[in-house]
Amino acid sequence: MEEHVYKIVEIVGTSETSSDDAVKNALAKASKSIHNMRWFNVTETRGSIQDGGLQHWQVTIKLGFTMK
Amino acid sequence: MEEHVYKIVEIVGTSETSSDDAVKNALAKASKSIHNMRWFNVTETRGSIQDGGLQHWQVTIKLGFTMK
Amino acid sequence: MEEHVYKIVEIVGTSETSSDDAVKNALAKASKSIHNMRWFNVTETRGSIQDGGLQHWQVTIKLGFTMK
Amino acid sequence: MEEHVYKIVEIVGTSETSSDDAVKNALAKASKSIHNMRWFNVTETRGSIQDGGLQHWQVTIKLGFTMK
Amino acid sequence: MEEHVYKIVEIVGTSETSSDDAVKNALAKASKSIHNMRWFNVTETRGSIQDGGLQHWQVTIKLGFTMK
Amino acid sequence: MEEHVYKIVEIVGTSETSSDDAVKNALAKASKSIHNMRWFNVTETRGSIQDGGLQHWQVTIKLGFTMK
Amino acid sequence: MEEHVYKIVEIVGTSETSSDDAVKNALAKASKSIHNMRWFNVTETRGSIQDGGLQHWQVTIKLGFTMK
Amino acid sequence: MEEHVYKIVEIVGTSETSSDDAVKNALAKASKSIHNMRWFNVTETRGSIQDGGLQHWQVTIKLGFTMK
Amino acid sequence: MEEHVYKIVEIVGTSETSSDDAVKNALAKASKSIHNMRWFNVTETRGSIQDGGLQHWQVTIKLGFTMK
Amino acid sequence: MEEHVYKIVEIVGTSETSSDDAVKNALAKASKSIHNMRWFNVTETRGSIQDGGLQHWQVTIKLGFTMK
Amino acid sequence: MEEHVYKIVEIVGTSETSSDDAVKNALAKASKSIHNMRWFNVTETRGSIQDGGLQHWQVTIKLGFTMK
Amino acid sequence: MEEHVYKIVEIVGTSETSSDDAVKNALAKASKSIHNMRWFNVTETRGSIQDGGLQHWQVTIKLGFTMK
């Protein structure tokens, strides 16, 4: 097994549906420009409110991928 | 754009259904007495257990709203 | 009411379905060997990624139970 | 069992006697205006010093109570 | 010297001018409804950006005042 | 002097009397099953409230002991 | 309103003048290569010292912008 | 009121009696060499264990005093 | 791929030689009673001092292993 | 380039004027007894309040200097 | 001396040999695409385990470099 | 066993060789002026970079010693 080096970037996904979907939306967007994504961890869960109810989940993740 | 001042209060919502619903229940209750709610962030996710299974999700949020 | 003593253990549940289910899977596994489970709190939410999409949610909880 | 919502407020109790009494003084004062207090957790323990000795314990607690 | 009890509230002040003024704006607004304010500590410094430049400083403070 | 290895477990002691006694109760219970206890550090101090007054101190400690 | 995804980058601005200017210098430099900047938060305030006096403010910010 | 400058030092007091006394012992020792002590805050509470019971409370404080 | 559940335990390894060896000593000891060890992370690096020089490195790790 | 050793001390500067000046006042006072000051980082920003307005900025810094 | 702006990126280096080498491997890889690297700080030290022994050190660093 | 009081100072050791040696260099320098050193804990590991490679390890420790 090789000695890999990974890079970590921080991304905020949003969703009107659920906090889990906010993460998935972040991954979907990131996968368009980043290859070899390996793991993520959630660092913050926020949301915007409109008319007294939840408008958007905003979930920040740190995303790790293999550096080529 | 004006220079607003916001107040932040800390609330714990609970739900038997999901951690997301615990947040929504907190917002629903808060919206009865607080107007101009703008954002929240999750500060803790806990739960109570009964008979070996999850009983209630208990999610603490900080809730920001415009001071009038 | 007695003066109980509780023990806290740290467990990571995983799920392909949702972050909430990762917690439930951790509780289900723990309940086979631990009795008198009382509460938990989430300490970390991570995930593994495969082919550019979420593979497994990995949620770490601290789990409290009454010491007999 | 219902799905309660709780509010958390932050209070600093002081005492010349002990750090524990500073917490009790905070609860005693808070109980005059807050009903349905359920739990607290200590977030900071400080003190003032006079003439080279401890003058007042100053203990900050977060105090949770049921929102009606 | 009496054994006072203090309450702490969390407020976000904003300013187009400076981070210090954001704190002062928070205090000015709070002083209209809160008496006996004693101290504050800064817990977060953020800002909004418009057209590539700083729009508003947003400074969160915890504000302590004597409970009567 | 040997190169020891220690294990750390997390325990919550409770007491109606004082926060110090909550720690001692945790140690007394732990000493029935754990030998070679060496040190502890307090990680959280909480309490339950009943009828507007403190019911139980709940103090969480990390407890270190020599692995045999 | 769309479900945006944001990226967060970490930048250190410096200034001989003030801590606020260090932030503004960071934004000015970043705006040359990053479009759609939306918000920042300060994560560290440091400084270098020369001849017993402040030489440069060094302020670290996390800077969020919309991913296209 | 003048613009004072304060220095903060970190000290660990110990006591066989109570965690509060460990703080007082730290202050008593410090007062022999430090004048103008103004405040302290507790940063860690630990203890050593002997024969299955608490031997010494070890409480770390940060201690502030006016620089002359 | 299955939905595994992992347990995390906290262990302190010591070594007179190096901080890395303190970790290896912790793993060597733990491997005698724990199977299926998967990962660790370092949570604290301390050391004892004797005669003005380093006596033992004391490195605390959290150790994750698959629950069977 | 030599292998220097640095010492870090913690100081609180105050100012009626600005948070930046509180840092400068701390450096000015420290420079009277400490030589070879190299860097600082801000660890806390507080303030005292009088008559509903800001009285003194109180900024805590960690100050690093070369040990001779 | 100019008012520089720095960027910080987060990288994970791995090594079978030592935790220090994991950092060096991260720097070696990063130096291929990043110029003007100035400093780093370690934010996490982890490792993977195989057959009961340490397989790879995984050390996360934040790496600062001058923005041109 | 007496009720000792300890003082904690913060020191940064540097080394071109290894992070462990940076700690040892800090202890060696400190031992010239401080007697009765008892323990340390590492609070930060940084490094300077020159020509794309590691120049100096810079390790910050808190160092505890018995107050006489």
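As written, the chain order gives the labels A, B, C, D, E, F, G, H, I, J, K and L, with residue 1 at the start of each chain.
Everything below uses one rule, namely that a contact is a pair of C-beta atoms (placed from the backbone, for glycine too) under 8 Å apart; a residue touches a chain by one contact, two chains touch by 3 or more.
Here the structure is a predicted model, which means the values were calculated and not measured.
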Open item on the list: For chain C and chain J, which third chains touch each of them?
Closed with: none
TODO: Select the chain at the greatest separation from chain E, using centres from the mean of Cα atoms.
DONE: I
Task: Equivalent of A-B within the choices F-H, J-L or C-F, defined by over half of its residue contact pairs recurring - done: F-H
Task: Inter-chain centre distance, chain A versus chain F - centres from mean C-alpha coordinates, in Å - done: 38
Open item on the list: How many angstrom lie between the centres of chain C and chain D, each centre taken as the mean Cα position?
Closed with: 31
Task: Multi-chain contact residues (two or more partners), chain G - done: 9-10, 19-20
Open item on the list: By the document's touch rule, what are all the touching chain pairs in this structure?
Closed with: A-B, A-C, A-G, A-K, B-C, B-D, B-E, C-F, C-I, D-E, D-F, D-H, E-G, E-J, F-H, F-I, G-J, G-K, H-J, H-L, I-K, I-L, J-L, K-L
Task: In the complex, chain J residues that touch chain H - done: 9-16, 25-26, 29-30, 55-56, 60
Task: For the chain G and chain J complex, residues of the former touching the latter - done: 18-20, 44-49, 52-54, 57
- [ ] Using the touch definition up top, name the residues of chain K that touch chain L in the complex.
- [x] 19-20, 23-24, 27-28, 31, 35, 37-42, 63
Task: In the complex with chain H, residue positions of chain L that touch it - done: 1, 3-10, 62, 64, 67
